[in-house]
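For reference, the structures are reproduced in the following blocks.
Look for subunit A in each of the two complexes below; its partner is subunit B in the first and subunit C in the second.
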Partner chain A sequence: MASVDFRSINKRYDALDVLRDVDIAIPDGEFVVFVGPSGCGKSTLLRMLAGLETITGGTISIGTDVVNALPPRDRDIAMVFQNYALYPHMSVAHNIGFPLRMVGTPRPEIERRVSEAAEMLGLTPYLSRLPRELSGGQRQRVAMGRAVVREPSVFLFDEPLSNLDASLRVRMRGEIKRLHQRLGTTMIYVTHDQIEAMTLADRIVVLRAGKVEQIGTPLELYNTPANPFVAQFIGSPSMNILEGVIAEEGRARIGETLIEIGGPHPGFSPNASVQIGIRPHDIALAEPGRGALAGELQLIEEMGNSRLLTIEVGGEPVQLETQLQVALRPGEAVHLALSRDKLHLFPA
Partner chain B sequence: MPFARALLLDRARPMTSAKTASRRSPVTRVLFDGPAFPFIMIVPALLVLGFVIGLPMLEALRLSFDTIALRRPAAAGTYGLHNYARLVSDPKAYAALGLSALYMTGTVLGSVALALSAALLTRRVVRFSGLARIAFLLPWTMPAVVTALVWGVMYDGNFGVINRLLDFVPFVDGRNWLVDRSSALGALIVAQVWNEFPVAYIFFLAGLKAIPEELYEAAKIDRANAFQQFRHITLPHLRFIIAVIVILLMIMGFKSFPIIFLLTGGGPAGATETMTVLTYNTAFRSLDFSYAATLGILAVLASAMLVLGYLRLLPRTGHGDVM
Partner chain C sequence: MTAFRASPFAPALVVTLRTIAIVGLAMVVLFPVYWMAVIALTPTGLGRQVMTFFPASPTFENFVTLFTERPMARWIWNSILVATLASAISLAFGTSCGYALSRLRFRGAGLLLIAVLTTQMMPATSIVVPLYMLFRAWGLLDTMHGMVVGHVSLVVPLATWMSKGFFDSIPTDLESAARIDGCTHGAAFVHIALPLAMPGLAAIFIYGFVTSWHDFLFSRTLVNSQELWTAANGISSFRGEYFTLQELQMAAALVFALPVVVVFFVMQRWIVSGALSGSIR
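Let's look at the complex of A and B:
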């Protein structure tokens, strides 16, 4: 078990900056998820920690050792790949035991540890099969078994669930979480799926275009996003961002409408442009009147226990989630009330 | 549109009305609509093959029972097993068979080793990769005659470049490579390997390119060193390709002729007289065509047995084994 420390990490491919001044400190035993849109550098960061990519600048430490110059085999890490990367010509047992055989672990011990790992992952009946004779979920478990059997100090997961279908993904997510609870080893998990990030992580690192946007627990990111990007990336359906201007104390103007924003909001002076964020379930349908935004209903999406309305306000789409089962038709004029305490203000 | 394709399209079109069917003559219907159609389509190819391969082989078989020897023209037409009787007790034939086997083994091992090394060396080359590949493919484009002449000059005892270079190496003396009994066969094998290893090289390079890079990454993280990666990832993935290449090289090595013939002609004193060269010498130096045909039959049988035996030794390898 070990802590992991990224300090002023830079990565550059020719003229392209992939990562810029990334600082992340991960304490021992934590489950950290790197999340961000594709191309944000999250996988590159993980592969640099694994030793599969060179480090252009900065230092990476595992425990107390700087590992910049160490080859992957000396970093005491295990990794689960997106496409599983199982050895296709080896049986499940040989795949799982491979990391042990490579360092000359005695045979009886390999057998004991492989059967332990297989037991834990429910793979015992499949030990003599070849990877191609397994389903996607089983292959994914073999890849996890190969990682577990080593008892590494850090586990790395590179989008391990993205090749699975939705229901299997939810199940495997639970298994990974349980694995962490059981082993207590530091885990670093890369995904572009914010739901995976929210459900798995002790802490989430949001990356965009090679820079860290925010680091925090899932609830910190959800409740107090540092900027509109994080605000819109975390949470589903995504947060609405409306352009406005600060009016007098406690109010802001969106288009022609004055809305209550509570306050005080230090750092926002009158007449400053502001981006006002609000999550879809914090907006309600309202009677026309003071503080209600006027808009036109465009789209109704039923989600079972609630419905998602898309409303055009001042030319911009705003999403609203409601459990009210009133009769509504697209094209109808509606009015929206924003909950004053649920607003997120960002400087524009 | 090619004729065959037009035919296939015609067949693919469903016969909607009896009217269409009745317009065809009964002969056409039997030929094109019956189950015999696929077989009819390959008859022309079989005829060509039978003509250019089957007939000469049958003629060779016939010749091996006849007595066509230009030094005894009167014996022509005497059929019998005498050529085979002679073969069984001919030490030269056994020696030639052994030399062929040795030559084949040497060229197969040498070519596979050289091609595999070259492919491993150039697989990850990015800059000048085209140049590197052309360099390794160049020997293959060389006609065997040119290869033989160039190596003949290089091996020359007096002014060959190999001996010149050996002058710089202490304690190693140059020799007359192709005249010395102990070195002649080895020297021929080297020239042959140089000429034919590119065939294996392109196969191996293609095979290596097909191995997913992710497996090497996984292996690196699983603490495999460079040799272990080769042993546990590269080799198993190339197994099928190596098997195919070995068969190909075995056949090429066993029936190899021009380099041996041009460089030594089977000499010195029969030290490099393989089956092919012995057959040639028997036919065109001793002018005994019938015995040469018998030797040829032996060569065919021997190489067929070799290949069949090798195929039996192979583990059951399917395409999907590793992919």
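Let's look at the complex of A and C:
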């Protein structure tokens, strides 16, 4: 059990800045998810913590120790790789027991802990099999078993579910969450999937192009995103961002339409351009009239419990999620009402 | 291969012609080996008078002569010693170089690889004279270890390339995982990379053994004393300026071919496919 501290972390490959001034403090026992689009540096950050990548600048601490110069085996961490990285020439039991053998644990002790881990992950019938004789989900469990058996102070997960099919992914996601609840060990999890991030994390770190965009609990990120990137990255379907101008106190103009924005909004002076964000389920179809945005319906996607409408407003697509099951046809003129209390204003 | 499989509807004539062609080709390929055996079983001196396809009165006297009156056992032993040492050293050297070239990123790695390959492009004939001069200066001429070194220089470049290729095919994540699981770089190499590269290493060993075993040029040039000759050198000694002991030579050639077959059968159990499957994805 240990806290993890990234301080002013920089990573540079030749002329390429991969990470710039990253500061993240993770208290003991927390489940933190690094999320961001490909190439944002999230995996690099994890591999630096694991000791598999050098640190260009800054310090990484695990517990009270700065680990910058420590080799991976001395960091007291365990890692589950995206591709599982099982040792193909060893049986499941040997794979899981490998970390214990490497530190010279006595044989009976290894056998006990391997069978415990196997029991916990439902791998007992497969202990004598080779990795190639297992299914994707079973391999994933072996990789987790190999991490669990060491009782490390920090668990690292590098996109561990991205090679599984959708239903298995949801199931394994639950198992990882349960594992954390059971062990209470600090876990750091990297993914590009915001749903995984939302469902698993105590706190989420959103990264983009090597910089931290926002750190917060899933609901903080969802309810009060710090900028349009986080706003659009977290939540599905993603938030609409409309360009507008502050008109007067409590109003903004989008195209020719004046809409209510509530307020007061300190930091937004009249005539300042503004980006107005609103989630698809906070928009409703409305009668033409004051404050209603006029648009043309382009696309209807049925999702069963709701339907997703794509409407062109002033040349830009706006998505609307509704449970109204009225007859609609693409090409129809529609009007949209934006829920005043659900608007997110960002400086343009 | 499917294209060549006889379908049940192929006309019998096509099948027959194809079979005849294959059998004919096999006979062309195998006949020299067969003839080698025929001559080897013919009494000494009578090889030129064989009129049929079978030895008239088969005898093992040539083999007996080889091992009693000629130092064939000694030559074979020399060959085994030189080939085993040369391929083992090449394997150790090539494997460590290949691993380094596969895993370490350093300036000039690409150039180094090309340079290594270039040495392989040199015909052995063109390096044997400079090698002779070097060996003379270092006092390695007419020594067993000199010949081993010579053969190592023949085998190492390709061994390096081959092992780099095998290590490239092993995902680096496996070693990363091992290092997190408590291994040093070296231990990760020994516990993970090396066992997984085993099929490749077996192939390299066979290649090195066969190359060294077959070598005639180096052993002819770098060694003079008859007791240091390898078998390849020994076989050629049956050919005189005016007279060739064909029966002895063929018997020696048969004996010469055996160890390579043995080495191949011993090593081939390591050459299994699919050793890596299941590690990732």
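By our rule, the second predicted complex is superposed on the first by the 348 of 348 C-alpha atoms of A that agree within 3 Å, B and C clash if a C-alpha of one lies under 4 Å from a C-alpha of the other, contacts with A are read in each partner's own complex, and residues count from 1 in each chain.
As a working rule, a contact is a pair of C-beta atoms (placed from the backbone, for glycine too) under 8 Å apart; a residue touches a chain by one contact, two chains touch by 3 or more.
Please read these numbers as outputs of a predicted model, since none were measured by experiment.
Partners subunit B and subunit C, brought together by superposition on subunit A, clash.
In the superposition on chain A, A:136 makes contact with subunit C only, while subunit B stays out of contact range.
Of the two partner chains placed by the overlay, neither subunit B nor subunit C lies in contact with A:22.
When the two complexes are overlaid on their common chain A, residue A:254 makes contact with neither subunit B nor subunit C.
In the overlay built on the shared chain, the residue A:73 is in contact with subunit B and with subunit C. When the shared chain is aligned, no partner comes close enough to touch A:114: not subunit B, not subunit C. In the superposed model, A:297 makes contact with neither subunit B nor subunit C.
Of the two partner chains placed by superposition, only subunit C is touched by A:163; subunit B is not. Ranking subunit B and subunit C by residues of subunit A touched puts C first.
By the document's definition of touching, neither partner reaches A:313: not subunit B, not subunit C. Under the contact criterion defined above, the residues of subunit A that touch both subunit B in one complex and subunit C in the other are 50-52, 71-73, 77-79, 81, 83, 85-89, 98-99, 102-103, 132, 146, 150.
Taken in their complex, subunit A has these residues touching subunit C: 47, 50-52, 71-73, 75, 77-79, 81, 83-89, 98-99, 102-103, 130-134, 136, 139, 146, 150, 163.
Within the complex, the subunit A residues that touch subunit B are 50-52, 71-73, 77-79, 81, 83, 85-90, 98-99, 102-103, 132, 146, 150.
Across the complex, subunit A is touched by residues 171, 173-174, 176-184, 187, 191-192, 195-196, 274-281 of subunit C. Within the complex formed with subunit A, the subunit B residues making contact are 212, 214-215, 217-225, 228, 232-233, 236-237, 320-323.
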